[in-house]
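Structures for review follow.
Two complexes are shown next, each including chain A; its partner changes from chain B in the first to chain C in the second.
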Partner chain A sequence: MIFRRILGFIPLIFGITFISFMIMHAAPGDPTMMFVDPSVQIQDMAQVKANLGLDKPVLVQYFFWLKEIGKGNLGFSYVSGQPVLDLLWERLPATLLLSVSSLILILCFTFPLGLLSGYKKDSFFDRAVTFLSFLGMSLPTFWLGLMLLLLFSLRWSLFPTFGFIDPFLEDASLWARAVSVLHHMFLPLLTILIGGLAGLIRFNRFSIIEILSQDYIQAGRARGLSERRLLFKHAFKNAALPIVTILGAGLSGLIGGSFVIEYIFSWPGMGQLGVSAVFARDYPVLMGSILFSSILIMLGNFLADLSYSKIDPRVRIR
Partner chain B sequence: MLELKKLRTLFELSGGKTVTAVDGVSFEIKPGEVVGLVGESGSGKSVTALSIMGLLAANSRVESGEILWDGRNLLELTLSELRKLRGRDIALIFQNPLAALNPVFTIGNQMVETIQEHFSLDYKKSKDLALSWLKKVNIPDPEARFDQYPHECSLGMCQRIMIAITLVMKPRLLIADEPTASLDVTIQAQILHLLAELKDELDMSVLLVSHDMGVVAQQCDRVMVMYLGQIVEEGPTDKIFADPKHPYTKALLRAIPVPDPSKKHAFEPLAGDIPSPLNIPSGCSFHPRCSEKLPGCESQSPGIYSVQGCRVACHLFK
Partner chain C sequence: MKISVLGRLSIGFFIALFLLSFGLLLFPSLDPTAFDPFYIGNPEAPSWAHWFGTDDFGRDILLRCLSGARISLLVGIVSVLISVFLGVWVGLVSGFYGGWVDAVLMRFVDIMLGIPSLFLILTIQVMLSPSIINVIVVIGLTSWMGVARMVRSEVLSMRERVFITAAFARGFSNSKVLFKHILPHTLLPVIVAAMLGMGSAILAESVLSFLGLGVQPPHASWGNMLENSLSFMRDAPWMTVCPGLLITASVLGLNFIGDDMRAYLNVRERVDARA
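Presenting the complex of A and B:
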């Protein structure tokens, strides 16, 4: 069953990569734009394009790319000449670290805040959470990221402006390196959290309000169950269902958003690699990072479906 | 044991309007008694039940009156005092058993948590107690059901399970709000039979809420007839059914379908619609639908008169 689901991803990945390939080639500019040396002749540029296969029709290029993927070859960067696969592998841990920790933190904050503000509807606490959520939802992520960078890193030098870890800590203890990574990760993580949390807390609040009016909550009260048990056991598990769905569906947004954030904070992940590749028209690297992130998104969706069926006994994966 | 004195329960609607759903209801339930509360839907039966349990919705409150349990006014208890009473002393079962069970926890889980909320038993003992009750309510293969989810059981099965979850605490009063209204006729009879059996075994009192005169006639020692938030007639079941006094009771009895054409009265659905609770008729609230209306009925509310062992609120018996 699970195997069937994974097979189902393959056509999707074809679709995504095909469309990205077309858009990439439709966009103005090509890799030879990087050759700014005035002594380079037009014929030479054409020769370079021919060497790279860029003179062929786009469709042919796409099938060529696909054929190489089939052999496990993602090509070589136009810029650095390194194998794309190596570049991506190198970047994967940083991306996973940022997206997995933001996902975990989002869950850790959404539930207590959403549950309590739904339970204490219209209280001071609820109003405060509502106000902050609206604030969070109305701030564009990239603007927020730039502002945080500007204030905390550039003006007050509280946080580093780029990177993943302090390069001088290569031989330091594990603890010192972990602290350094956390220090570097703080602002990007905060930016993702503020953007990602706000809507989810609102949503969780509404589902809690809806769930608390259900018969089974009323029946639990009639049996003398405590409010704490009803809220944190009975309502919690039911409210977790839609959150898992939303997170599954919103995963692409989360990853897409973290591309921009990685770029702003020069976080050495796949997102930053991909965005830089866009500017450099480094097609193989760009296609590689699109391929990797779509696989990540699909795995995420798959995990969301799996946990959904774990939480809700009425749903079974087919 | 339970005594209601002039209970008045209001709903506050948006726009500052209020609806009086229960309007000066007084009655008493003695140990071991089975009392029926009948009336068309919307007459305030469920709101009466929820007022007793202290489970009114947020937009609803008891305006005046007393609910005495062994002489203690339940309206003056704190939530934690009330919680000890709920389930343990006074229990409630609902119309829709499937909705009254949390869909994402197993039946066993919900039974054990209820048992452990009230008794200090370890898991093993609680489970044994739960299984013995599943057996008592005639659930085939209780061990297997214990690990199933509510959606895996039929409605009738769910109602049996609800009865087990509720009666495992041996309450002294069971309020059953339309316990069979959602079930097939044959299952209905089985459930009513089961309730009657368990009532004798546990020596509890039952307040049986129903819109079905037939159900009440079979099960109850005493009947109270409710119309628009007021009790219009009350007395021993045999007297009410043999010789109804209030025109509303008579109309309700005429509205029972009788399959046997040789019976003396024909099936005659209740004339007119139940008035909007926002706009309750003046005087006797039944007068617009009454076939025996007197000149004073439109302006004066009737007193309560004792007639041959029954209490009737009707000008005919002044």
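Presenting the complex of A and C:
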């Protein structure tokens, strides 16, 4: 069952890379112009292109790219000449650290806030949460990041303005390095959290309200179950289901959004790499980033499906 | 129709923004691109002469924010029209015809949703020359998937309804049933999604322009004002604060209005329709 689900992702990844590849290579500009010395002769430029395989039809280039991937070769960066796979491997931990911890924190905050806000519908607490989540949905995340940087880093110097870890701590103890990473991670994490939390809380609130009006909750009340038990045991699970689905579907937005955040905070993740690759027209790096992030998104969707069937035994992965 | 206080405030905000930003065109003396060579590199803090302060060229930030509003509203409205048009078509065709057409279209939607949209938008934008029209088209072409999925599911549930069976039984053609009987029923959620989508489009424009790939100077847009403010963040925070507040206020306003409409039209809240 699970195996079939994974197989289903493969054509999707082919599609994603194919479309990205086509879009990229439909570009009227010439990527070689970006990095070749302007003094190079025209005929030598043709040689450069031939070396990179850029003189062949786009379809041929795509199949060539696929073939190389089969061998575990994602190509070489046009800019630095380094293997793309190495570049991405280097960046993956930072991106995973940021996105997984933001995902966990988002879940930790969404459930209690959404639950209480739905339970105490129209109370002051509910109104405050509703207003704040609207605000969170409307804030441009990159601007929020800039504001946090402005206040906490530039004004009050509480947090570093960029990077992953203090460069002086290369040889320090594991503990000191972990603290430094956390210190650097705080602002980007907070930014992603505020942006990602808002929509989910609101959604959770709606499902709780809908569930609490159902007969089985009334029946539970009539049998004398405590409100706490009703809420956390009976309503919670059913409200968790849609959240998991939405989270799976919203993952691409979350990952995409965190790329801008990485860029702003100079967080050495895949997003920062990818965004700079766009500007440099570094196609191999860009294709690699798209491939990696789409695999991440698929993986997230798959995990969402898995946990869905764990929470709700009625749902079986087809 | 019951409009919440926040909804009223939002409508008022947009009316004021429309009037002020377009009214500005009537006063050529208030030129948002006029700069004072004396102030170059020396942004001035908010004062009575310049309510929002000036930027590094000595240009008035309030005027630039207002002329940027024209662009942001334009981008929001037109790109949403494009994405709604595409989304409704794909959703209608997919839900109505089903079978392999549906399978192909929905896989295409999955693929589009699987590509991190920022990379997609940036890549297209890098290869096209960054202009307002390109920004609008690119945002429209990359944000229709939510609407398509939503319309498709509406069509699927409509098809099961008795009045559709009755329409077929009366011998109506496919296109008549589709456009006269099914389409109108899918429009309510689409209108709400369009409201919320406009907010997303405004946000997308600001990201693009912020990264230097959207609206180009000397035209002002909220996003490129933010890009411009980066090097002055420490000394002239008002350059960063003002455009950002306007973006937030507009998107917030659209969300409030959308939420009121959703409540009024009795449309279910759905996060996945947000492009």
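Side notes on the structure shown:
Assume the second predicted complex is superposed on the first by the 304 of 318 C-alpha atoms of A that agree within 3 Å, B and C clash if a C-alpha of one lies under 4 Å from a C-alpha of the other, contacts with A are read in each partner's own complex, and residues count from 1 in each chain.
Following the convention adopted for this analysis, contacts are C-beta pairs under 8 Å (C-beta built on N, C-alpha and C of every residue); 3 or more make two chains touch, one makes a residue touch a chain.
Worth saying up front: this structure is predicted, and the values here are computed from it rather than measured.
Per the definitions stated earlier, placing chain B and chain C onto a shared chain A by superposition produces no clash, and the two fit side by side.
Using the contact criterion defined above for the overlaid structures, shared-chain residue A:Arg221 touches chain B, although it does not reach chain C.
When the shared chain is aligned, no partner comes close enough to touch A:Met185: not chain B, not chain C. In the superposition on chain A, A:Asp312 contacts chain B only, with no contact to chain C.
Looking at the shared chain after the overlay, A:Ala239 reaches neither chain B nor chain C. In the superposition on chain A, A:Arg229 makes contact with chain B only, while chain C stays out of contact range. By the touch criterion defined above, A:Leu74 lies against neither chain B nor chain C after alignment on the C-alpha atoms of chain A.
Between chain B and chain C, C contacts the larger number of chain A residues. For the three-chain arrangement built by superposition, the Cα-centre angle with chain A at its corner and chain B and chain C at its ends equals 80°, in steps of 10. When the two structures are aligned on the shared chain, A:Leu273 is found in touch with neither chain B nor chain C. Closest approach of chain B to chain C, taken over C-alpha atoms in the A-based superposition, is 11 Å. The touching residues of chain B, counted against chain A in their complex, run 53, 55, 57, 79, 83-88, 91-92, 94, 96, 99-106, 113-114, 117-118, 149, 151, 162, 165-166, 169.
Every residue of chain A that touches chain C in the complex is listed here, in rising order: 11-13, 15-16, 19-20, 23-24, 26-29, 131, 134-135, 137-140, 142-143, 146-147, 149-150, 154, 199-200, 202-203, 206, 246, 249-250, 252-253, 255-257, 259-260, 263, 271, 274-275, 278-279, 281, 286, 289-290, 293-294, 297-298. On chain A, the positions that touch chain B within their shared complex are 213-216, 218-227, 229, 233-234, 237-238, 241, 311-314.
Those residues of chain C that touch chain A in the shared complex are 6, 107-108, 110-120, 122-124, 126-127, 199, 203, 206-207, 210-211, 226, 230, 233-234, 237, 240-241, 244, 247-249, 251-252, 254-256, 259, 269, 271-272, 274.
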